[in-house]
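Comments concern the structure below.
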Amino acid sequence: MIYLLTSNILQISPEGIIDRYPNSYNHFVLPFVIGISFILVYLFIGLVRILYHLTGEDRIKLLKSLFKPKTAWKNIKDIFCDCLLHTKIWKRKPLLGYMHSAIAFGWFLLIVVGHIEVWLFAPRHLSGLTEGSLYYPIFYRFFIWINPAHETLRGSVFFFIMDFLLLYVLSGIGLAMFKRVRSIALGMRHTTKPSLADRVALYSLWLIFPLRLLAEGFTADLSGGGFLTRPLNWVFRAFFGNELNFLPTWWAYSICLGLFFLAMPFSRYMHILTEPLLILMRNAGLKVRKPRKGFAEAEIYACSSCGLCLDACPMNVQKKNLKYSSVYFIRFLRRHNKRKTREIADKCLMCGKCYALCPVGVNSPAIRRALRETQNNNIKCDYSYLEDASSKSSATLAGKAGGKILYFAGCMSHLTPVIIKSVETILKASGQDYEFMDRNEGICCGRPLMLAGRTEAAQKTIQANSRIIRESGCTTLLVSCPICLKIFKEEYSLNGIEVIHYTQLVDRLIKEGKLKVSKSSSAIVYHDPCELGRGCGIYEEPRNVLSSVAELKKASKERDESICCGYSMGTLTLDEKDKAKIAESSVTSLMAENPDEIVTACPMCYRAIRSKAEVPVKDFAEIVCENIEK
Amino acid sequence: MIYEGKKKIWAEYQKEIPEDHYFYVRSCIRQSFFPASEATFLDITRNKLGKDIFETEHHTTCGGIAYHSDTIPQETVMTIIARQFALMHKYGYENYVCSCITSFGLYCETMETWREYPELQQKIAENLWKSCHLEFAKPKFLVHASDLIFKYRMQIAAKSKYKLVNKNTGEPLRVVEHIGCHYSKMFPSKGVGGAEYPYVLVGMVEAWGGQIVDYPERRHCCGFGFRQYFIKGNRGYSLSNTHKKFESMEPFKPDMIITNCPGCPYFLDRWQYVIAETQGKTYGQDGHGIPVFTYEEVAGLVMGYDPWDLGLQTHQVSVEPLLDKIGIPYDPAKKYLGKNGKYLGEPQKPQCLK
Amino acid sequence: MKNNILVIGGGPAGLEASAVLSRMGYNVILAEKEKRLGGHLAKWDRLFPDQTPAKEVLDGLLDGIKDVKCFTETDVNSINLLDRSFNAMLSNGITILADAVLLASGFDMFKAEKKEEYGYGIYDGVMTNADMEQVFREGKTFSPAPKAIGFVHCVGSRDEKAGNPACSKVCCATAVKQAIETKELYPEANVYCFYMDLRMFGRHYEDLYLRAQKAGIRFIRGRVSEVAETSEGRLLVKAEDTLSSRPVKVTLDRLVLMAGMRPSEAGHKVGRQLNLSVEEDGFFSSRDGFLSLQKSKLPGLFYAGACTGPKTLPDTFHEARSAAMEIDRYIKENFRK
Amino acid sequence: MIDFGFSFSPSSRINLDKADKEKFLSLAALEPDVLKCMACGSCSASCTAGAFEDTSVRKAILSLQNGLSDDAVKLLNHCMLCGKCTMVCPRGINTRHLILSIQKIYGK
């Protein structure tokens, strides 16, 4: 070591900062350089692949979005909030949010501030690869020697900042280690089982920062250090004397970094690098078209495998169903396991809770649907009869609904006549003029076909219904089934005809004073149907109305965390027993505050919850009807 | 197949058939379909067995074809039948034997109807008197001609020259029996052996040395069905019926078919030709068909009648291979000569059916 | 003095009633025409719905009649009502003066050969439910293993032409049970049940039905119309699949006819001597259909079991026990004042 | 061949001997529910597509058991997968997935 200090190649910089090595190189940087090179090449190839698999239209969309100021700003904001600060996790589970942001944001700042430090104190080393700009800023503390006599306040500030950031990251790592042992403390009942690559990357990641602390501690007397590294240096000195053999710790630090980068593409940590891309693509308005290529690939690699979806998934009320969770779905997709991905895709209820709660925003329901599409879209069927049916309906309705509300009950509402009857009563009581589109026979909205991946077939029913609706001359399409609502809003082009759910209509009628309701003393709880809440974002309107007709209690999980009733049309293979279990857990959540009645606003939820609840279950319209002031 | 089980059933369906003194009525269509059958019946019963079988040229159709084709009402057909019975009574007979199964079924149906509705019988008697001035009467015994041959089967066997046996192997011939639907399906007790396993033809075949073949579609109609055949557009149904029967009997490799109805032998015989010429399928050996006979023809054959005197040349399916099998001599040169020895002319050879 | 009670019929009803009566302290005399006690139960292998071995039930019954005088292979030659008691002469020469008589003459199985079109006694492969039970009981197997087996419900039941328009109540469950057992023995075989209506009314019966369905037994809603023999000696069975509204045919190796319940001939013989009235279906008529089910029009003569119509075994046991109670009440009211 | 102006009428009889058992077993392995149908007809009665065209899960299952797979596929050809039949089935048969599987296994 002394040799190094006294070697004749020492140079003195203006501030007394001296490069300790010729060419600023030491062999220990190799593992890191290999790792970082590998990941950069991998990233480049991956990016090209994803862009290649996008449709031309999507590529242009993406490109344009990058230059649209509004989207660009949103991109920056989202990347900052989601990738670095993890605000989504913060909101739900603060401790878990802190852990993630400590590691991500802390590390990000370490890199940024480290580069700034180099830029300020040794700018030469950022000028090109030959100057070691790939690794120099990472191992800055190794390569420099600072004459203590020349230490400046500016340098000390950086020493402090860097040590503080390191502490920040270390606190995150500490939490992460604790989480491995006791996940529930951080608010997670289930965590994912890590794969081999995950473990390698995970342990490397855990080691990187303690090793950095050690390494920088060893060199703190030469390179300077802050409140962490300098005392550490004194401690080492007290134990080992002057002969500090610090090279092995730098090797270890570099190896861990290298290992981490090498394992990264095969591990969950790929999400760190993919998530920004996902944000760009999502903000550009791209949709999943194929289950494994293009946008979906970005989604798949953006999954952090954090396992928050395990607790979110309503199926997981039974442990045996854990394997159907999104995180495993995506893992199997990454591994191209067709059999398992198909099985999982078919099982899913498509309730969307995993998507709603996903910190990265991986739209796995969309990927599942895309996968189902590959299986089911090409089934040959004959929907030619729909044209006839649609022209017949059009003929009977034509003009009649001019300027009025057109009520579409949908297939399922016909199994719950109480909904239809109550909706009609409300419409009449509030003096609304309306026509009933499917009183006798109707065409399915197409959402169940869509959910089953039969997109083309769905288009046929969409066309047929669109024609009836458009030709009826109505101004508003009223639906009582959230499943219908979702597809009417998303897939139909109805020339400006407003599509509303009856909860929205009732809310509006009350606000406009057209419908007067009185408040009963009954305590009720509202179940958010998946397609209405998470699907269409309608949470407030039903609550506004319900709190004016009864005392509204809370469920233990509600709004976007509401538990699916289990009878969603989304699932293709879930069996009756599993459905019943899910319905039970949904009811348990609803009964948290012991309400007198349960209210929901979906024909299927109504039937499902009714079959399991011990208190009366009412439809939204039904309870409104009961409380109309006469 | 448990033979004893069938015997038990046969024992339950015994029909009283008087030995002698019958009033005989012919079938409308048999004389043209199988011209020698009725003549053979009369020859065997009268001349060979010495029975009293009376026949009058004054009897008419029973009206069955028109009735089953929905062209005349039941009251009309009953009056026609009452006239037939009146003729029997007029000539001093009380046993009535008819050659036709349709007639037999209709007579049974009419008698049952009269029994159930005496006022209807009264009305028919009045009709009869008004239209023909004949006295209403009912036969004491009503039998079908095949019942009589069944009754005389042992006497015929005693006088037989040939047996229904393959002379080369000594094995009994495998015979499919086909009973006309109206023989016992409507009134099982009116048929010998009932409806499920009628014994009337089985008894003859057994008595004459043959072996009966039971095949799955043995109960099935030949396909005549009146309306099904008379209207060309419906004829496919008739053909399909026969086809189904042949497909079902084929694996049993029958040597011949014996029938007791006017329509059945005709359709079983002629449709084999149509099936062969449209489908290229034949059911007998070496591209031949399965020969189809009336019970009188079979009785005639075993008693040593000349095949051409029995009218076998009018069959569509050639009978020569079977005659060879039994060992009945025939003169091919005389096949197309009429009774008077004059050449009748030869039909065109089918393309497929040998 | 112990009162004499004559029980006619040693089937489940007679045995159970005798056991209860003898426990009550009566002197019970039981007459059974067959060589062995147990009636049809003794000829059965396993019972629906849970496949309890019939032998277990029978042994339980026989355990209860240790103090009963049993005469097997014994007919009631004559019986008449004296002043208050019945005088019965048995075929073994014994004369009995009984204060009460329990008629538990049960049922005869419908003679399947009467349904000529099914070919029982004509075709080798056609058998009845009782034959099938015997096969099971003796542990015999069909060889070669059948490829297809059919069960015909309602043979001689719900059939006016066969003289019985009524339902025999137990055949559906028996058919489904035997179908399951057959499928278990010959898993490769196609098993068909031809039914008109499935009357799975009892507890656990529906489970039995579902079990059969899951085992792959095919239920065809239609009555078999005719059976014929193919050239290989198999059975060609025809029916209508009424759910498809189309005729159906299938070749089977075995056809099991679910022969229904007919009134017992031996029971009728006793009934005629006492002038007991029978209803249109041929079974004895109770004094009324609700409160006096076990009573006949004669004081002192009681009914139990299938002599008053088709019954399941549990029904029969209920009747036997309630008949014993009725008899006890009758004796106490009339003989012990 | 001679044209007589008439020909065979097709038989309407179902021949169970000719039903494709293997294929049905493979369906039953995938969809054990197919064996549970008790032909109550609720599915057909509530069918949305059935209001317009002959559509019936009950009849389709029966047709498959009878070896008439073309009929079965035809009977499901107009299905919109709306799920009403699943909702009303008393035996809890997952009719929607069953329909998809039948269409995949037996469809052309």
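Letters A, B, C and D mark the chains as written, and numbering starts fresh at 1 in each.
Going forward, a residue touches a chain if its C-beta (ideal position, glycine included) is under 8 Å from a C-beta of that chain, and two chains touch if they have at least 3 such contacts.
Remember, it's a predicted structure, so these values are computed and weren't measured experimentally.
Suppose you hop from chain A to any chain it touches, then on again the same way; how many hops at least until you reach chain C?
2
Quick check on this structure: which chain has its C-alpha centroid closest to the centroid of all protein C-alpha atoms?
Answer for the innermost chain: D.
Approximately how many whole Å separate the CA-defined centres of chain B and chain C?
Taking the mean C-alpha position of each chain, the two centres sit 46 Å apart.
Please work out the Cα centroid separation of chain B and chain D, and write it as a whole number of Å.
The separation of the two C-alpha centroids amounts to 46 Å.
Express in whole angstrom the distance between the two chain centres, defined as the mean CA positions of chain C and chain D.
Computed value for the inter-centroid distance: 39 Å.
Report the complete set of touching chain pairs.
A-D, B-C, B-D, C-D
What residues on chain B touch chain C, complex-wise?
1-2, 4-6, 8-9, 194-197, 214-219, 251-252
Residue numbers of chain B touching chain D in their complex, please.
232-233, 235-237, 239-240, 243-244, 274, 277-278, 280, 351
Please output the residues of chain D touching chain C within their complex, sorted ascending.
It comes out as residues 12-17, 21, 25, 28, 32, 35-39, 58-59, 62-63, 65-66, 91.
State the interface residues of chain C toward chain D in the complex, per the touch definition above.
Touch list, chain C to chain D: 190, 192, 198, 209-210, 213-214, 216, 218-219, 221, 238, 241, 243-244, 246-251.
Provide the residue numbers of chain D that touch chain B in the complex, in ascending order.
Residues 1-11.
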